[in-house]
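By letter and in written order, the chains are A, B, C and D; residue numbering begins at 1 in each of them.
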Amino acid sequence: MITCGLDLGAGTIKGALLEDGQRLLATAIGPTRGNPVDAAHRVLERMVEEVNVLPDEVDYLCTTGAARYAFPDRHLQVSDITASARGAVFLLPGTRHVVDIGSQSSRAMSVSETGRVVRFKMNEKCAAGAGRFVDRCAKYLQVPLEEMAPKALAAAHPKMISSVCAVLAETEIINNVADEIPLADILMGVFLSLAQRAYILMRNVGIQPEVALVGGLVRSEAMVRALEQTAKTPVLADPRSHHAAAIGAALLGHARLQKLGGRPALLLAASG
Amino acid sequence: MAARVPPQEDLGGPDAAPSLELSETFEEFAGAPSIAALTQLAREVVSDPTYPTVRAWTRRGRGAVGCFPVYTPQELVHAMGLLPVSLHGGGESIEISHADAALGSFLCSISKSTLELGLTGRLAPFRAFVFPYICDVSRNLEGIFSRAVPGATTHMLHLPQNFRSEGTVPFLVAEYRRLIAKLERAGGERYRPERLADSIELFNRQRTEVARLTAVKRAQPGKLTLTESYLIRRLGGLIPREVHLQILERVHAELAARPNRTKDAIRVLLVGPFCEQPTLDLIELIEQVGCYAVDDELLQIYRWYDRVDPNGDPLENLASAYVRSTIDIGVRATPTTKGEAILRRVEAAGAQGVIFLTAKFCEPALEDVVLYRRALDRQKIPYLHLEFEERSAAYEQSRLQLETFVESILFD
Amino acid sequence: MTLVAGVDIGSTTAKCALIEDGRIVGKSLAPVGVELVKDAERALEQALAEARRDRGEVRVVTGTGYGRFKVTFGQFTVTEIGCHAKGAHFLFPGTRLVLDIGGQDTKAIKVDPNGEVVDFAMNDKCAAGTGRFLDVCAGALGYDVSEIGALSLGARHPVKVTNTCTVFAESEVTSYVARGKDPKDILAGLYGGIVSRSLSLMQRVGVEPEVTFTGGVSKNEGMVRTLERRLALRVNVSPLSQYVGAVGAALYGLERPTGAPA
Amino acid sequence: MGDTGTEPRFLTTARDRQREMVEEYYAGLAGAGGPKKPVAYMLVGGNLTEIVRSFGYEVVFPEIVALNCAIKHVSLPNILHAESQGYGLDVCGYVKNDLGLQELGGETPFGRIPPPDLLVCSFSGCYVYVKWWEALAEKYGCPLFMLDVPYLRDATPQPEDIQYIVTQLHELIALLEKATGRAFDPAELRATLARSRRAEEGWVDYLASGRRRPSPIEAYFEAVFYMFPINVLRGTEVAADFYATVNAEVDERVRSGMYPVPDEKFRLVVEGVPPYPSYRTFWDFFRKWGAVSVAATYPKVGGLFDRGFLHDPARPFESIAEYSLGAYVNQSWPLRRTLIEEYVRDFGADAVLIHGIKSCRSFTAGQGDLRDRLIHDLGIPTLYIESDHEDPRYFAPAQIKNRMDAFFESLDRRKGTTPLPMVSG
């Protein structure tokens, strides 16, 4: 049985293909720009090609993410909080606390051993402290996103940024550059400032080991270190955790499929 | 005060909506053929910030009194020949551009939009306003209203918080007398105990009928939606109680015949929206994502005590009903502990979880949530805390959180 | 003949105005960069070059704006609130209320008949409803902020932009674009939101004619029309509206004894 | 930043004496608790110190503990802890500091705060009091006495209000007698109230000296320190004597011309709770401009003594009732507005500064309307700024300074006195 999870995020679309709810066959990612549904289809096609199955052989498809209702050809949709918790526990089984930082959102959740969300907290009205902040900082500082972490890790005296407003931080960063603060210190300050925001959410749900980071920021080792330093606890990270929500959606799809006792004949016109 | 910019509607802005005209006898309500028709009408009434029912009532020179939630003794207002009208802010349709300046930024929407309505002249059909001391905001709002809405009578009603003293009932009676004096000056008829006794009877009946709605929701949650129950209740604060009573009787007759169509949903208790009300969209969303709200704190105004004793001195009875038989919500000191109270209510409602639906910046509700949470944690009862505002952009975020909550209970 | 200069170091741009005998004889505008002291110097130099005057001729330099303490070569500093009042009064003597929307903040300033500040209100630090908000949203639409003013005129069905946060609004705009909404209508929705937030500040000090709109955002015609419609008033906008703070600063210098100690 | 570089000026002896009193007080709390030396928690507004102390209780005021934590920059960990327990961002900072501190064991730099044996809630002016004391009662399971104080809507209290409070006071005494096994001694209460009265009169004299020009007192920043005895130690001999020391020193200031703000330029009435976590920075913003507060409402949160709400040994219960009714935030907005207008007039103030507290609705909701009234109806220059009394995260120094500079600039220009400040870093 092959199930697919598609995470239609605000910044990127992530996909995962899962066999029998156990083996991860493929993952893919692409930017959300333009029409998210088309972008999601492209992600799905890439995965299907990669593992050499026919689109038809995908038995069940579950969407998640901000645009989960926009994708018409789905059997089920689940919230990205539910999904990323499942995905995190699948990838890192000891996980009891998940921090998920995406492009516009950050949330913390405590989870059961099966990956059920027990309690969670998220940012609602202000995007301060989410990935967009990192993207913009990368832009002002003219450092490619991928190079931020290696550079940041060399910081000796990280310089915190007081305004984590994704937009206004620019001024502060410019001032820091003007004050000749080393680039590494500014960069690490960016991640530490983000970690501090995340820590507030984490405390609110209660931190219990093991803590895992998922979402786009997991790609940055500096973010993982910053979170460890701020929350004073080890943080698990897996390169595949960027896809945690997509994987979780595929898992939940599998569970649902089993409950139904067979593949639904038609893709259901989704409710909601 | 400085000159004011007229509200957006008056300029024919994108929010403009024609205001509803109703008959002075409110026959539209009594004559509504079905719950569906009634709730549709209620939806229009509730979304119209020009208070169509009040305009209809006052057209013949009758007086109306705006009653801020929660514990304004509306019986008393009724007994003086005035229409008690529950004030519940401005809803989504009005824009706040004056009230922020007078009140401050860190305040609940109901206080801001109610003041906005006052500042922009949209409460003109009212003769008087009563603000009970349920929190510092409501209390302070009265003092601001007295300046913002010149010409109207305003009154701050001190509600006692000492429920054990010998002095409480006599004090509250005296407090009610102060209100009576104000209302008499605002054009109410002279206070007569026998009229109050009649009003108490009428309100008792209204409360009983409203309680039956909750009972239906608890026993057969598929029979009527939370939105329907809410809208029907909400009307009760906007139209003459006699008319509301007729409506309720008809609603119950129709409900008896309705099938109880259930779906795979979790039973939840809705705690926190006792004063400011969530938007209709949000109320609808709760059941849409897979919950049955088997009990709720919406519109507490109709349920804050079961019955008032109709015999004896009515004023004293009204006062002792507040002191002795008010249910525990965030704006009244609890005689037992908050933890025990919430567990009892969860059990009584047969709820699987609790949704704390608190107005943003509503401190009384926020402080209780912590004590409630502790008790629920001990018993491993799941809960979700969601904050709402009247004009909120966070609708998608609310949906996400509600869905996550439902999924966390439904998926194992 | 006294030549005075005002240098306004804002969050986004550095502006300079030169005034002589009640006339503006030179001006400059450039984005602020990393070194504010240098930006300030350059602003003055460029304005002098435009006016074909020498640095030595300038009697008083007054600094204003968030970076006013970086105008280290000046003699005085005045907050931008005082300068916008004075500058607006100079350009439109009947001004009673100034609305200044710059790159990072919004201010409403009430002025008396002499151009003195009577009262003011400003927002807290958040990019929502400021020039930066428009910059970001214009980008999401694929335009530069200088192009969107004219573009929005004649919108018929303004969309409702529910988010105030710049980041969320940016995605909302993107999703409207994806759904094929007319940029006109999206912009009209954005303007409506900014104007109502500004109105709330204006109400704080009290709206009275005449209203003068200053700061970079006042160059946006769509914003001006939206504001006028909501106020049901004509609003003064000068072609020099982005320089108003610098003009006010220069005028402050005139009121000082010449050659005041530095 | 443009600091004057000088230290804020205090009354030397009085300030030293006040420090000692604070230290002695907290030292006295060490080891308190339990039947031998029971501890009562009380709120400042309309408090019942005299009655409760007469039964041998040590009294803790969590509001004062909270503000001391904030001034000493240790409030944030307590607040964060309370937030991790679920208290939201918008909950009063005092409450969060206290409940966080309680959970963390009560350790402060000025000593350990013992847990309560009794909770006395004077519901006088703030609804959060009720919620706060409920949370403490739930945590400690100790008895809670709720003194319900009607909101004051008429300038003079109504007889039924007084009657209601007096009834409750007798009920409190019955509770205290039962809890301690001691008998109530009316003569002792009268003697205590006489000492309270002496302190109150001294305090009122101190506050009145703000009418002089230049003002020999700083009625906000400095007065806050001298509030401690009137609120916490009222009824004791030391508190009564303290104000004699204070006033002697004020007289000395006048004689020697050593004023708290050396060149008094602006006389202000200040409304609102101070931003304790940034107290010094905030004060600097005033001093830099030669601004002195000549009257303030905050020092009246305990009681409005200067408007005649004084304890009276001849009418012990009635005067306690009146005192509780008169606490500043228990006054309706029309009364508060009038009071502030009178302060402006009587103290010859040039302007009003309102400091709003983001997490305190009792004080703050409506300050915008007050501002509107002062500016638009009365033409009194008024500045409104907002931060917090406990939470350092809410104090944005650059923005506050910008607003204050703009305000004083415009005042300065209207007075047409001195040149604007020179460029400074």
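The criterion applied here is as follows: contacts are C-beta pairs under 8 Å (C-beta built on N, C-alpha and C of every residue); 3 or more make two chains touch, one makes a residue touch a chain.
If you're wondering where the values come from, they're calculated on a predicted model, not measured in any experiment.
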| item | value |
| --- | --- |
| From chain D, the most remote chain by mean C-alpha position | A |
| Two chains sharing the most contacts, counting C-beta pairs only | B-D |
| Averaged-CA centre spacing for the pair chain C and chain B, given as whole angstrom | 45 |
| Averaged-CA centre spacing for the pair chain B and chain A, given as whole angstrom | 40 |
| Whole-Å separation of chain centres (CA-atom averages), chain B against chain D | 36 |
| Residues within chain A bordering two or more other chains | 125 |
| Junction residues of chain C, two or more chains touched | 121, 125, 164-165, 168, 204-206 |
| Chain D residues counted as touching two or more neighbouring chains | 86, 368, 372, 376 |
| Touch-based graph of the chains, sorted into line, ring, star, complete or other | complete |
| Chain A residues within the chain B interface of the complex | 66, 78-82, 114, 116-118, 120, 122, 124-125, 252, 255, 272 |
| Contacting residues of chain B [partner chain D, same complex] | 1-2, 100-107, 111, 133-137, 139-144, 146-148, 156, 158, 160-168, 170-171, 174-175, 330-331, 333-334, 337-339, 360-361, 363-364, 366-371, 373, 385, 387 |
| List of chain D residues in touch with chain B within their complex | 85-88, 90-92, 95, 123, 126-128, 130-132, 134-135, 137-138, 146-148, 150-151, 153, 158, 160-161, 163-168, 171, 332-334, 336-337, 356, 358-359, 361-362, 364-369, 372-373, 376-377, 386 |
| Residue ranges of chain B in contact with chain C within the complex | 1-6, 8, 11, 13-14, 95-98, 100-101, 392-393, 395 |
| Chain B residues touching chain A - in the complex, by the definition given at the top | 288-289, 382, 387, 393-394, 396-397, 400-401, 403-404, 407-408, 411-412 |
